């Protein structure tokens, strides 16, 4: 049986790549309590969801946005009643550390002018969750039209961060967690929570789960102890 | 008749062909450059398919309407006009290539004997590309003889050898012709060679 | 020098790359042979199919693998039912992905060498009593050796660098499918982990440098100055 | 059949791939020549360097490009200051990324052909009065043609499929750097866009099939039955 | 003295060398297979570097301690023992390769003249690989002559030709020797050829 060894090596968690550090810390804390250490596989939410829908045997899925979790749910692959929101996040405007720029992301703010001839680094707004939130926020603030053709859409939010770190883009929009983790960028401003749909990382047990530990680990992740770990990495409560 | 050949093959506009019968012994093929001597040997060896005709040698049919033996079943020993040694094998491995594949009962000679009368004993460890023209030619002769063939096809095998070496090798060819009674098809432009070796002369190209 | 975890990643990459390349070699050679030697209807199609993994973005190749070899896929489900073999989330799946990505490079290299073989030498071998297969083994194959070695190097290097198809197909599971490029990806997700990325990238480079040195040594050994001086 | 937007993507992919391959060709040939013909200290290092983009995950290559050619990078800043050239977020940057990813494949293919050249023919050309360069142009180069063609096909196919380095270096800007693989990637991120993905992937395949047919035709034209029958 | 050669070159354990002077005319190089005749021609052509010595021909120094002309500056016309035609050029382009590079004032003959006396007019459109042994040999001779060289190096140039063709070509070689006064180094094992053509015979290998 393919997952016979899974019991000893802990449940298999498929998690969005942006949770890399925080979830690793949480898993370590869980293992310290004497449990088998969960196996963590980090990739883009889309790749992971496709693997689940192709019948891959895993225990827990943590997505970076709702649509992919919805897709898995629609395919009937979630264990009913186990879907919950793990953490939330905020969207921030960043600039290279050395930048002097001051700019509050409020209605009609002068984003296009601040960019000058440069481009705004974002995760791909047509594809990647962070990009979609960014697009929603800029639209709500009425500046999307000014900057839509001045974007540098990156493969994922970390790649957008790197563009700003390297000075390739004077400004970027990333999650607060990314900005906090980087030494090379400065937060210029935080987007109003109301300007975009709530940023939530949903998690759920999978139908294919064979691991007895999986449900307990899920509960741990939603516990106060784990919340504290995620908060340390800059995540908000969902 | 040890040899009965009647073949034809078209190349573009021209037709190559030959029709002759011959007794066992050495049949010298004669004719101007480009008339089709090499092509004829290729057909006998099974490397070139005649458009029509038959090839019978020593009682065996190598090719006719119904038969087309693959080259390895024809048991010819072919000394090519251009040597054609295996570049990735040393001289010794070239010489032994056919010898290893031959039925031990049929073998005519040992590596040492061949190396001796061809004067190539000192070349056994060399790569073919490093040989001189005449050295390569002698290795090619040795390789064909060591394969213990039932017919010998020799395409100007002595053309770049000096008189002394030529004499030695002709003596061996005579022995093969007379003692082993192997039929030989022999292409040469050298009058002296043909006079000494041939039991029969065939003019190729009608 | 290396942590146990890094050793594990290197060992896995070697295993995946080595198995991928060696297992693909016969198939790749056969394809190269057929493409070099035969003209038949559908030849161009076969050629295009072989090039496919080069042309498609790796993520698409991974997705196609997932669709075909996943537990619900037409091939994957049969492998599972009939042979009890799963590729999903296994290092064997990673090797399959690497193999498919390396295939076009390996086929091309060997095809170039096969096309360069002097076929008259095969004829010479036949007249010396070698059957088709023996002539192939003793003449054609050794003469195609430069292409085979190039294919091994290219294929191995490509396997060592394979990322997109692998993560899409078999995910990023430490100890099972997390090869060097996937570990690098994970490290890249952590801002400020450039040192770790550099370290892992250098490991990749070291691996392929090893393969390169090995192949150069083999070439030198087999081609040991066969040529005639000053010609 | 195709929307205007899709046409734009195809045209851009062709431009990026074509420029990448044609502009790299001379450099790749020179590298192949040096690696095939000369023994010098550092040769293995050069060989390894050429293989590097094959071994490293494309994202790392893209990241290195960003570090080197970005506005703050040692090369990028000089290009900007001295020549006024920016590669960042430009199709030229995408072509640079594609070129670098295609380089190892192109070099290997040509190197195999160059190693197969009978150098005595170059000697023959020299005795007939050809200087080094003329002999190179009229003898060596044409004899290496199969490798050059293979390099063009491989390089073009690889360019058409290039994703990781491109998106990391020049991001995914429609009309400027969004080549087919980047468009495919965007589509793949959206649940249920499989039809779109398939459509775009088929376009990629069509492009490289075109290149394949062209190259086969060229091969057939140049190698038009030179061989002797039945030899 | 038109020719003054004194060279030595080591191959592994053996040493190849020659030392002789000769008047203009045709110097036949004689010696058993593997003695170093081809190597000597290669040294004259600039394809093989002597370890020491000098090569002076017709008043020009091709090689000595201070000089080492590149092959293209030596203006030799070399008929190689193995033909060595360019496989990627048709017969006509092979023939014209050196002709195009030569100074028009120095040219000896036209393509038509060469094709005529060599009997290869019907082969001009063919690829070298499709030629018979003798056909290729004749094309190789034509290619060397058309390059309008100041020295001719001929390595068994007539070995696979029939008597009639051989006679025709020898007549041309005699004319080149006597009318154009081009010095010729000529390797052959054929007594009749050497007797007819040679103004001098040199035994290679001391």
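Note that the chains take the letters A, B, C, D and E in the order they are written out, and that residue 1 is the start of every chain.
One rule holds for everything that comes next: contacts are C-beta pairs under 8 Å (C-beta built on N, C-alpha and C of every residue); 3 or more make two chains touch, one makes a residue touch a chain.
Because the structure is predicted, anything quoted here is derived from the model rather than measured.
Peer 1: Quick one: how many steps at least from chain A to chain E, stepping chain to touching chain?
Peer 2: Tracing touching chains, the least step count from chain A to chain E comes to 2.
Peer 1: Determine, using the mean of C-alpha atoms as each chain's centre, which chain is farthest from chain C.
Peer 2: The most remote chain is E.
Peer 1: Report back the single chain whose CA centre is most distant from the CA centre of chain D.
Peer 2: That would be chain B.
Peer 1: Between what two chains do the most C-beta pairs come into contact?
Peer 2: C-D
Peer 1: Determine the centre-to-centre distance between chain A and chain C, using the mean Cα coordinates as centres, and give it in whole Å.
Peer 2: Chain centroid spacing, chain A to chain C, equals 35 Å.
Peer 1: Round to the nearest whole Å and give the separation of the Cα centres of chain D and chain E.
Peer 2: Here the centre of chain E sits 44 Å away from the centre of chain D.
Peer 1: Which whole number of Å gives the spacing of the CA centres of chain C and chain D?
Peer 2: 20
Peer 1: Distance-wise, how many Å sit between the C-alpha centres of chain A and chain B, to the nearest whole number?
Peer 2: 78
Peer 1: Which residues does chain E have that touch at least 2 chains other than itself?
Peer 2: Residues 39, 47, 131.
Peer 1: Enumerate the residues of chain D that touch no fewer than two other chains.
Peer 2: Only 59, 63, 120, 123, 164, 185, 188, 227, 229, 231 qualify.
Peer 1: Going through chain A residue by residue, note those that touch at least 2 other chains and give them in order.
Peer 2: Expected reply: no residues.
Peer 1: Provide the residue numbers of chain A that touch chain C in the complex, in ascending order.
Peer 2: 2, 12, 14, 17-18, 20-21, 39-43, 47-48, 50-51, 54-58, 158, 161, 165, 178, 181-184
Peer 1: Touching residues of chain E toward chain D in the complex: what are they?
Peer 2: 45-47, 70-72, 74-78, 80, 84, 86-88, 97-98, 101-102, 127-131, 143-144, 147
Peer 1: Using the touch definition from the top, list the residues of chain C that touch chain B in their complex.
Peer 2: Touch residues, chain C against chain B: 120-121, 123-132, 134-135, 138-139, 142-143, 145, 222, 225-229, 231.
Peer 1: Residue numbers of chain C touching chain D in their complex, please.
Peer 2: Chain C residues touching chain D: 44, 47-48, 51-52, 54-60, 63, 104-105, 108-109, 111-113, 115-116, 119-120, 123, 146-147, 150, 153-154, 157-158, 160-161, 163-164, 180-181, 184-185, 188, 197, 201, 204-205, 207-209, 212-213, 216, 227, 231.
Peer 1: Show which residues of chain E lie in contact with chain B when the two form their complex.
Peer 2: Touching chain B: residues 31-34, 37-39, 81-82, 131-135, 137-138, 155-156, 159-166, 189-191 of chain E.
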